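Structures given as structure tokens follow.
There are two complexes below, and they share chain A, which is joined by chain B in the first and by chain C in the second.
And now, the complex of A and B:
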């Protein structure tokens, strides 16, 4: 039974590796995701960020600019997620300790 | 052939890591070990996205006045890094809530084994 489980996972890994053989080479600058224009001739987001981030926000770190300026609403939602997780942790722990101690 | 190997071995390592995490989540009986498998699976996906973002002969996405910003090939793609930062935060929140629920389960049933838990719930 244990060997059957390992065999199933090995089969799944082989399937994924076979599927990954169609992926572009890692680190090749000519990949589609590093292009200037996409297939439908719209600008690609990563290139815009690289070229205009310092001009827009005057912060050298591009990842910080994307996280804090372009996607600041998304980051705010992330803070809500952390806050909710903290509240849930507090409530569950307090409730279980009060009832069973 | 060698080009193919060097272009793809990072994907293979992340796939193997993903399968290890999935094995833990599916087949382990202890709930703590299942949660550890979840953490390994998250790490594998984050590593996959970060490895996709790399370019050969490029620097980290931090603006440097000596490197021209018009040549996009000089800098790595900053978008996967940003999204994986978000994914790491959400993963930590998930793990915290999961461990909290495990503590509550253990306080109530005094066990974390799946079969024993089902038996105790039906009693």
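And now, the complex of A and C:
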């Protein structure tokens, strides 16, 4: 069983290396993700973000504009998820009265 | 958590380190426009400073910093800051969370969006810090955190 685990891990590593060898190079302007039009010839959202983020929100950090302005409902949902986690720990873990029984 | 090791070195180290962590957390929140950062990361740093004091010095000192019953209202206030920002933009004629319509007079929509991002980052940071401290308090409450 130990050898089977090691074999599965080696196989998985080989799969990841094979998948990573096909990735495009960093900063290559001919990459698919740097095109202005997508494969089906529709405008790409990231292109709009890079070109218009500073004019829309006057913020140099594009990531902040995307998280806080363009996708702010998503961020609101994340905050509600964290709030729900806190409330659930409050409900599950807190004991108001110690029971002797 | 009753301090099982009354080491003055640990208490002094925590007291020395916590204010700087807090200042760095506020820096990360308020400089999210110019450098990597934002509400989540800054809130985690603020919570780390508070939890460092809590773990190192026990309850008697750490409740001077933030009391246990104050964490839940702070989390609610953090979520409500975010929601109220979006709702204020909605009732003045825009979409939900469209900061260009915020009712602040004398600002261009560009700078209104700048301000709106800052307001919601503060709300996110407050909520994250309060909720992390709340989770810690609830988890150690059944233990010897007397």
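The criterion applied here is as follows: the second predicted complex is superposed on the first by the 92 of 101 C-alpha atoms of A that agree within 3 Å, B and C clash if a C-alpha of one lies under 4 Å from a C-alpha of the other, contacts with A are read in each partner's own complex, and residues count from 1 in each chain.
Operating definition for what follows: contacts are C-beta pairs under 8 Å (C-beta built on N, C-alpha and C of every residue); 3 or more make two chains touch, one makes a residue touch a chain.
Worth saying up front: this structure is predicted, and the values here are computed from it rather than measured.
By the touch criterion defined above, A:20 lies against chain B but remains apart from chain C after alignment on the C-alpha atoms of chain A.
Looking at the shared chain after the overlay, A:61 reaches both chain B and chain C. Between chain B and chain C, it is B that contacts the larger number of residues in chain A. In the superposition on chain A, A:89 makes contact with both chain B and chain C.
In the superposition on chain A, A:51 contacts chain B only, with no contact to chain C. Residue contacts after overlaying the shared chain place A:76 against chain C, while chain B stays out of touching range.
Of the two partner chains, chain B is the only one that A:28 touches; chain C does not reach it.
When both complexes are aligned on chain A by C-alpha atoms, chain A residues 59-61, 63, 67, 75, 78, 82, 85-86, 89, 93, 95 touch chain B in the first and chain C in the second. Considering their complex, residues 5-6, 9-10, 12-13, 16-17, 20-21, 23-29, 33-34, 36, 45-47, 49-51, 53-54, 59-63, 66-67, 71, 74-75, 78, 81-82, 84-86, 88-89, 92-93, 95-97, 100 of chain A touch chain B.
Looking at the complex, you find that chain B touches chain A at residues 3-4, 6-8, 10-12, 15-16, 18-19, 22-23, 26-27, 51-52, 54-58, 61-64, 69-70, 72-73, 75, 77-79, 81-82, 85-86, 89-90, 92-94, 96-97, 100-101, 103-104, 107-108. Here chain A touches chain C in the complex through residues 55-61, 63-65, 67-69, 72-73, 75-76, 78-80, 82-83, 85-86, 89-90, 93-95, going by the rule given at the top. Of all residues in chain C, those touching chain A in their complex are 32-36, 38, 40, 72, 75-76, 78-79, 82-83, 86, 96-97, 99, 110-111, 113-114, 116-117, 120-121, 123-124, 127-128, 130-131, 134-135, 138-139, 141-142.
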